[in-house]
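Please go over the structures that come below.
The two complexes that follow have chain A in common; it is paired with chain B in the first and with chain C in the second.
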Partner chain A sequence: MLLLLPLAITWFGAVALAPFDGRRRAVGVVAVGVMVAAFVALVRLGITVWTSGPVEMVAGDWPAGIGIRLRADGLGIAFALISLGVLLAALAYEVLGGVHERSLPSLVLFMSTGLTGVFLTADIFNFYVFFEIAMTASFVLATYGKQVGHLRAALTFMVVNLLGSVVFLAGVASLYHVTGTLDMDGVAERVNGAPTASVLLIAVLIFVAFGLKLGLFPFHSWVPLVYRDTWPAVAAMLSAALANIGSYGLLRFGAGLMPRELSLTASGLIVIGSLGILYGAIQAVSPRTAGEVIAWSSIGQVGYILVALGIGGPVGLTAAVLYSIINSLNKLVLFLAVGLRGWLVGAAFALAAFSVAGVPPSAGFFGKVAIFRAGADADRVPLLVLVVVGGALSLIYLFRIYQRDYWARNHAAPPSPLGARVLVLVLACGIVFIGLWPEPLLALSANAAAALTGGGS
Partner chain B sequence: MILALALVISVLFGCGAFLLLKRDLIRMAGGIILISNAANLFIVSAGLSRGREPIYPLPAGERISDPVVQALVLTAIVIGFGTVAVLLGMIYRTYTARLAKAVDEGDETGRTPMSMPPEDRVAD
Partner chain C sequence: MSMSTILTRTITRLIFLPTLVTAVAVLVKGYAGAGDGFSAGVIAGTGVVIQFLAFGPRELVARYPSLRRAPLLAWSGLLLGLVTAFAPVIWGDPIMTLYPRPGEDVPHLGLLAFHTAVLFDAAVFLLVFGFIVSVLGTIGNRYGSEGADS
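Then we have the complex of A and B:
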């Protein structure tokens, strides 16, 4: 019951709000209230998971093995919390700044349902279904603004991601073919009995699908086009919440379901990730609009997650989880700050930029330290150099935006609503606060990684 | 049977991928439809086994075909149908928005409003 609560709250909230005009302030406030309730329910579930182990339920009281299982473990809860938190912040930001379209609040709630479901399911086909709920809501959200540019971005986003979904669906069907089950535990158990070559092929299919979602280096071409042209709050939702499906999927399917294939391809993943870090950072130096720079930056940032996943082991996986969470927070603040004008905003942007570069005392520092430690444990010296170079480059490109947008621009444009600006500043201070007191987040990530490797909850 | 299905899936996917790369948005939607149907066929073929229909009471001693893939493909078809509907809606919205823009400003790009909108360079 506890497990269903966050899903049910957002789902019924979304359905109930769908007929109402989201541009009215009251509807937006109700939607934020529903999100807060779902977030509280998720925190409550999280406390149960952290103190007494994973929570499970089988839908419809079917015997285990036949019914579809929902399961909350450390990893799922960590990703669900950060994604729901990001959506909550982005929705509150949009409500404070004034909603432009009637469907926005209800769509954000639908997307929360889909995302929470993805992170709390223990069935690979159910994973696909929730994933499509979140994706469909995001396709419509991407058109927010309804200018030709927004529509073009939404079309590109939709076509590329539909292709990714088809590839993932093929991967799920093949996994079912070789294991005869859709339950994650069953798949993890039986996949070792299948021939390595066919499982490797499936692993590649799933890697491509999640790489597309996440905007990893060789599958990144849609990212700058889409993030440049979508509305800032929507770009924040897509890149800081929806993209978490990609990193969670890589962790769950790679380290959780197919660890043998993951260790076979580990060096390849590290190479792809390192190329992504360099390529994203170098490309981010040249573009002219802030959205594009952050998009290229995010391509580089997800490279770190892939590198950490490639290094593997408890240290590497903890680093991957920690980095995904911190990366979500950074991108949330960066995208939201880009959409605003007025004083306070530049400060928020600068704080998030320092976090991306990994300057202490921001949260990003601990993300970089985790990657650094994982690289040092694995004796990979080039990686250590890469982390430092990547951090330095990110400081350069983000401060080029700062120069152009906050120093050089004349502030003739009217400042944005104070509420939205204060919210962004509070979020940015949150990043610094996590940097000053990182222990809870470190424990959360270690717990999440332990859920993958079998130890702990 | 396996060969026939593999051929059908590959031809469907190939045609879909070809159409997907077109500039014309309706053809692009056609490509998505073909590709998602190739995926549906792929799911059916993942549980390909000859046998009796899986309806209770099950005949003893005979092979039963796998019912799970039917349920999966039914779900996948419904999801695919929904997404194609959203895609067509979005294409129509793009069409009307570009038509309005072309009427307002005069469209010199020479493309029809039914194609992917050109990228405008963002002014600094």
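Then we have the complex of A and C:
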């Protein structure tokens, strides 16, 4: 019951709001209310999971092993919380600024449903189904704004991500072929009995699929095109909430289901991740629009997640979870700030920029520390250098934007609604607050990583 | 469009009702034999697609004005499906529990079994059918507004 509540709230909310015109303020406010309720339900579920272990339910009252399972564990809860939180913030921002299209509130709720489902399922096909619910909503959301640029970005986004979905589906099908089950625990158990070569091939397929979603280095080419042109709030939703599917998928399928293949390819992942960090950071330095710089920056940032995943072990996985969460928060604030004009916005942008670079006392500092520690534990000195260089480069490229957009701008454009500006500033202060009091987040990430390494549960 | 000859128009008009009846049959026998809401929805949707090709959007809507309500159909299908899936949770059963439970008697009326699985399939049918027709409507609107109607 508790497990289903977040899912049910957003799903019924989405259906209930679908017939109404989302441009009306009341509809937007109701949607925000629904999201808050779902978030609270998720926190409540999280408390149960943290105190008394994973919660699970077999659909249709089938015997265990036959029915499709829904399960909430530390990892799923952590990702569901951050994704739902991001969507809530982006929706509130859009409602405060004025919604332009009737379908937005309901679509955001559908996307929340998909994301919650992805993170709370223990069945790889169900994972795919919820993943498609979120993707379908995001395809429509990507057209938000309805100008040529938005539509072009949406088309690119859709084609690339459909390709990723097909690759992932192929991976799921072959995983089923090899193991004879779709249940995550069953797959994890039986996959070791399968020939390494075939499982490795499947692991590569799944890596490519999630790499595409996440915009990892060799699969990144769509990211700048899309984030340059989409609406800022939508870009925040895509990059800070939807992309979490990618990092969660890498963690769940890599460390959770196919740990043997993960350790076989670990050095490769670290190399790809490091290349991504450098390539993203260097590309982001060249002068472009703010959206594009953040897009290149995010290509670099997900490199850190991959590196942490490659290092592995409790320390590496904790770092990967922590970094994904902090990266989501940073991108949320950066993208939202880019969409606004006026006083307070520059400050929010600067705070998030410091967090990306890993300057204390922002949350990003602890993300960098976690990666640093994982690298130090694994005795990988080049990685330590890389973390520092990457951080320095991100400070350079983000402050180029800051200078150009917030200092040297002629203030002819009318300022954005005060509510949206305050919201962004509050979010940015939240990043600093997490930096000042990081223990809950650290515990959350450690708990999430423990769900992966702690055997079956 | 060359699709609209006297032959195609007559035949499409003749096969419309049989298509819908086939769809309902596929839906209803889903509980006992092969068939389900999804294929039924696709069959019924194809029936409308053929009408669309033969008559073009304007004439089609003039013939069957209720097709305009297709989004409502899809919406109610989604709602019905969600309610069927989530309702058991209210009295403490897991999600997607279907009644009567395995081993219990299922009341029949001919082929029609009174089972919540059929209700769920009907929801899927409505969703799929409503969606196909809604998409046709969207294409038709664009098409009609450019004056390229056949």
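Here, the second predicted complex is superposed on the first by the 453 of 457 C-alpha atoms of A that agree within 3 Å, B and C clash if a C-alpha of one lies under 4 Å from a C-alpha of the other, contacts with A are read in each partner's own complex, and residues count from 1 in each chain.
By definition in this document, a residue touches a chain if its C-beta (ideal position, glycine included) is under 8 Å from a C-beta of that chain, and two chains touch if they have at least 3 such contacts.
The structure displayed is predicted, hence computed values, not measured ones.
J.: Does the chain A-based superposition show chain B and chain C clashing or fitting?
T.: When both complexes are placed onto chain A, chain B and chain C end up side by side without any clash.
J.: Per the contact definition in the header, classify A:162: touching chain B only (first), chain C only (second), both, or neither.
T.: Once the two structures are laid over each other on A, A:162 reaches chain B alone.
J.: Once the shared chain is lined up, is A:324 touching chain B (first), chain C (second), both, or neither of them?
T.: Neither: A:324 stays clear of chain B and chain C.
J.: Please compute the chain B to chain A to chain C angle from C-alpha centroids in the superposed arrangement, rounded to the nearest 10 degrees.
T.: Apex at chain A; the opening toward chain B and chain C is 40 degrees.
J.: For A:58, using the defined touch cut-off, is the partner it touches chain B, chain C, both, or neither? Pick first, second, both or neither.
T.: Touch partner of A:58: chain C, not chain B.
J.: Could you say whether A:15 touches chain B, chain C, both of them, or neither, answering first, second, both or neither?
T.: second
J.: So, A:136: does it touch chain B (first), chain C (second), both, or neither?
T.: first
J.: Which partner chains sit in contact with A:121 here, chain B, chain C, both or neither? Use first/second/both/neither.
T.: In the superposed model, A:121 contacts neither chain B nor chain C.
J.: Between chain B and chain C, whom does A:362 touch in the aligned arrangement: first, second, both, or neither?
T.: Neither partner.
J.: Check the contacts made with chain A and report whether chain B or chain C touches more of its residues.
T.: With both complexes superposed on chain A, more residues of chain A are touched by B.
J.: On the overlay, how many Å separate the closest CA atoms of chain B and chain C?
T.: 7
J.: Between chain B and chain C, which residues of chain A are contacted by each of them?
T.: Touching chain B in the first complex and chain C in the second, no residue of chain A appears in both lists.
J.: If we count contacts the way the header does, which residues on chain C are in touch with chain A in the complex?
T.: By the definition above, chain C touches chain A via 72, 75, 78-79, 82, 86, 89, 92-98, 101.
J.: Residues of chain B touching chain A in their complex?
T.: So the residues of chain B touching chain A come out as 20, 25, 28, 32, 35-36, 38-39, 42-43, 46-47, 68-69, 72, 75-76, 79, 82-83, 86-87, 90-91, 93-94, 97-98, 101, 116-117, 119-120, 122, 124.
J.: Quick one: which bits of chain A touch chain B in the complex? Just the residue numbers, please.
T.: Contact set of chain A toward chain B: 125, 128-129, 132, 135-136, 139-140, 143, 146-149, 151-152, 154-155, 158-159, 162-163, 165-166, 169-170, 173-174, 176-177, 182, 225, 228, 288-289.
J.: If you look only at chain A, which of its residues touch chain C in the complex?
T.: Interface residues on the chain A side: 1, 4, 8, 11-12, 15, 18-19, 57-61, 67, 70.
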